[in-house]
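Paired with chain B in one complex and with chain C in the other, chain A is shared by the two complexes that follow.
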Partner chain A sequence: MIGSPDGRPRTRQTIARDVPEFDVHDLDQPTRAALAELLVTIADDEFVLGFWDSEWTGIAPMLEEDVAFSSLAQDEIGHARVLYEMIARLTGGDADDIAFGRPAEAYRHCRLVDHPRTDWAFSVCRRWLYDLADSIRLGALARSSFRPLADVVAKIRREETYHLMHMDAWMRRLASSGLDSRVRAKEALDTLWVDASTPFARLPDEALLIAAGILEGPLDGLADRHRDMATGFLRELDLQPLGAPSGHGGRQRPPVSTGFAWLWNEFTMVRRQDETATW
Partner chain B sequence: MVSAAISAIPLEQAIWAALDEVHDPEIPTISIVDLGVVGTVEVAPGRIRVAILPTFVGCPAVDLMCAAVEDQLRGFAPQVQARVSFAETWTSDRITPRGRRHLRESGFAPPTPLGEPDGRSDLMSPLLPVAQCPYCGSADTTLANAFGPTLCRAIYHCAECQQPFEQFKTI
Partner chain C sequence: MTGPGGSPAQPVEGRHEDAGRLGDGAQPDIWEVFRQEKDGDPLRHAGNVKAPDADLATHYARELFGRRQESVRLWVVPRSAIRDLSDPDLLQPPLDRSFKKPGGYVMRDKLAAARRRTEGQGS
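== the complex of A and B ==
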């Protein structure tokens, strides 16, 4: 992996590539910073969940799910990639530095995706809750006045259709496959439910984004719909979770959880060993 | 690389013809023009810019496609740039009839046309998980896995001829 044994020039390990061009000066500096903050939260959600779910590659309960979860993970990391590129353009940074070069405590992912992959039922329930939240969030962003974002979101939403279809089917399967899978699903939902609304956690400078039409309203205004849709579906499956979603905790803040510390160590390992490593 | 000496035909037409010789690295049976991933071709003096519309945002083949396009067009202008663009959304409806035929001929079911929005239309795109068997033509098929060997491929099973087959996803 490191070096170039045949002597040919190779490219650095990278997720960076070109994104749609836009003029960063169309936005004033504070709005640009607020937009970068919004994008980093979404990108980190996708990136972190993508890495958790890629952990199933090779060990999922069945071959089809090895393939499916690997594809889902690849989709999410692809979404993160294009968003990190957009942030790099807004802030004058480098997408690889943003993706792999931050200390663990600087990632801004929501609590819902901070949990380790745990068992299969847990990963399915978490991904279903997240995909539903993500679809609702993308629906709002599709109407963003920031055209490069609205354009990418239009594309991402089509992919999310497959995610939701797949996860809806898996939730039905867990609910109808005997006591063990029902118990595990219920336990997972009881743990996750409190964090279900965290993808919609309010951002400090949201008002600037709303004023610029980048967001049409407060993010946490989307949480009710998510809760209602999730509750309706889970009632149908007779898997109503305990408690209630709470925005409390929202996005990651220090101290870093043991789970995420482990994941961060994994996905930054190559870069930390050799910043110029090549494939 | 293609020679620019074919000056009898207009430049843009020659560029599109050259692009039609670039194939999808993951499904080499189809050209990138038939796949509909070539968005716009801008020709200016000394410069060509091609917008490539990815089939999937995370498609790892898109970088190879951009490099192949730049290589292929190098004879046409000193400056050739192929860039990823999302300004137009690639959908499976962009695959040409010829592209669909080429897919079928090599054992891939082409995507079905996008349908009408359903109940969750603001969350999900209007697509039906259906495919016609590329081997026997039967519509009596079931989706075995919406996720196949690449992001853009799904796996089906045909009840008529008992064959598994892949579909280029409707998206």
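== the complex of A and C ==
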């Protein structure tokens, strides 16, 4: 690592720009702030889940799945990167600072992705619930009147469709692969189900985004569709979870969970050694 | 993945055998993967993956041979569908077959003669 004593701006020239050019002044300041808040919640969901699932690298049940699951996790971190770049454009900040420079309590990911990776069945079930939620959320954002967002989301969706197919296949395998895997899947779903709607938790300034046409309606209006789709699939597999999803208060707030405190320490460790380093 | 002879990959330390059990006594099948690097190229054998069904085989082929945008098309074929032909009686017969090769025709001399003829006509 080489420091930057002359104050040169950091460069990331090896990474192609995926965020389309746009004039931030097309949106008034409060709407910009509300949009940045929406994007942080989505980016943090992708980022945090990407890091949890990366923890399987080297220890997934079979070599092929090890490569596949790690690649999916990298895709999520890639999606987070694009969204952090867009936030940086909206707020005049730096994408790396937003991704790695915040204290643990400032991350806005939902409760569904706050759980540690636990066992393989748990990671598969959580990943499947999240990918299903993400596909519904991205579907709504693809219809956004804010063109740069709709364009970026269209690219992300093309990868997410494949993610969901992969996780559907794994859910079917867990359901059909003997008692042990069924029991583990059922336990995981029972734990996760209460948090299944948390990706759709209502945001404080959502009304501004709806008024501006950036969102077509309240986020938590998508939760019913998610629950119905998830329930339908799980009924087919005879893996109906106990209880009901709770839609409210779904974004992490202090105190930071023990699991996330550990993960935050892991993914910020290198940067914290020298925050002025350039790459 | 398996080696060229189809022998199973060495178990990786720390990998939990029971965690990867596929159930119903199903052993993962081997799928041979062919990849096309760019449109118009022939599909070349890329390697193989182990997977319990066609869907996961397709996913694994994508991850192992296409995740870095190095392919524009993959063919994923169950190894059991491949007809293996290696019988030496058919491919390496014992009798002399040199008369079936084009090497008997010495093109160099014929070309030289043809050039001499055309040069003669040109002058």
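Assume the second predicted complex is superposed on the first by the 255 of 279 C-alpha atoms of A that agree within 3 Å, B and C clash if a C-alpha of one lies under 4 Å from a C-alpha of the other, contacts with A are read in each partner's own complex, and residues count from 1 in each chain.
Just so it is clear, a contact is a pair of C-beta atoms (placed from the backbone, for glycine too) under 8 Å apart; a residue touches a chain by one contact, two chains touch by 3 or more.
Since this is a predicted model, take the numbers as computed values, not measurements.
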(request) Could you check whether chain B and chain C clash or fit when both are placed on chain A? (result) clash
(message) Contacts for A:Ile136 in the overlay, against chain B (first) and chain C (second): which applies, first, second, both or neither?
(response) first
(request) Identify the partner contact of A:Gly78: answer first if only chain B is touched, second if only chain C is, both if each is, neither if none is. (result) first
(request) State whether A:Gly58 touches chain B only (first), chain C only (second), both chains, or neither. (result) second
(request) Report for A:Val67: first if it touches chain B alone, second if chain C alone, otherwise both or neither. (result) both
(request) See if chain A has more residues touched by chain B or by chain C, and give me that chain. (result) B
(message) Between chain B and chain C, whom does A:Lys155 touch in the aligned arrangement: first, second, both, or neither?
(response) first
(message) Once chain A of both complexes is superposed, is A:His166 in touch with chain B (first), chain C (second), both, or neither?
(response) both
(request) Would you indicate which of the stretches 40-48, 76-84 or 148-156 belonging to chain B has clashing C-alpha atoms with chain C? (result) 148-156
(message) Output the chain A positions appearing in both contact lists, the one against chain B and the one against chain C.
(response) 64, 67-68, 71, 162, 165-166
(message) If we count contacts the way the header does, which residues on chain A are in touch with chain B in the complex?
(response) 17-21, 64, 67-68, 70-72, 74-79, 81-82, 135-136, 139, 148, 151-152, 154-162, 164-166
(request) Would you mind writing out the residues of chain B in touch with chain A in their complex? (result) 54, 56-60, 62-63, 83-87, 89-91, 122-125, 127, 129, 144-149, 151, 169, 171
(request) Provide the residue numbers of chain C that touch chain A in the complex, in ascending order. (result) 1, 9, 12, 14-16, 18-24, 28, 49-53, 55-56, 59-60, 62-64, 67
(request) Under the touch definition given earlier, write down the residues of chain A that touch chain C in their complex. (result) 58-65, 67-68, 71, 119-120, 162, 165-166, 169-170, 173, 176-178, 180-181
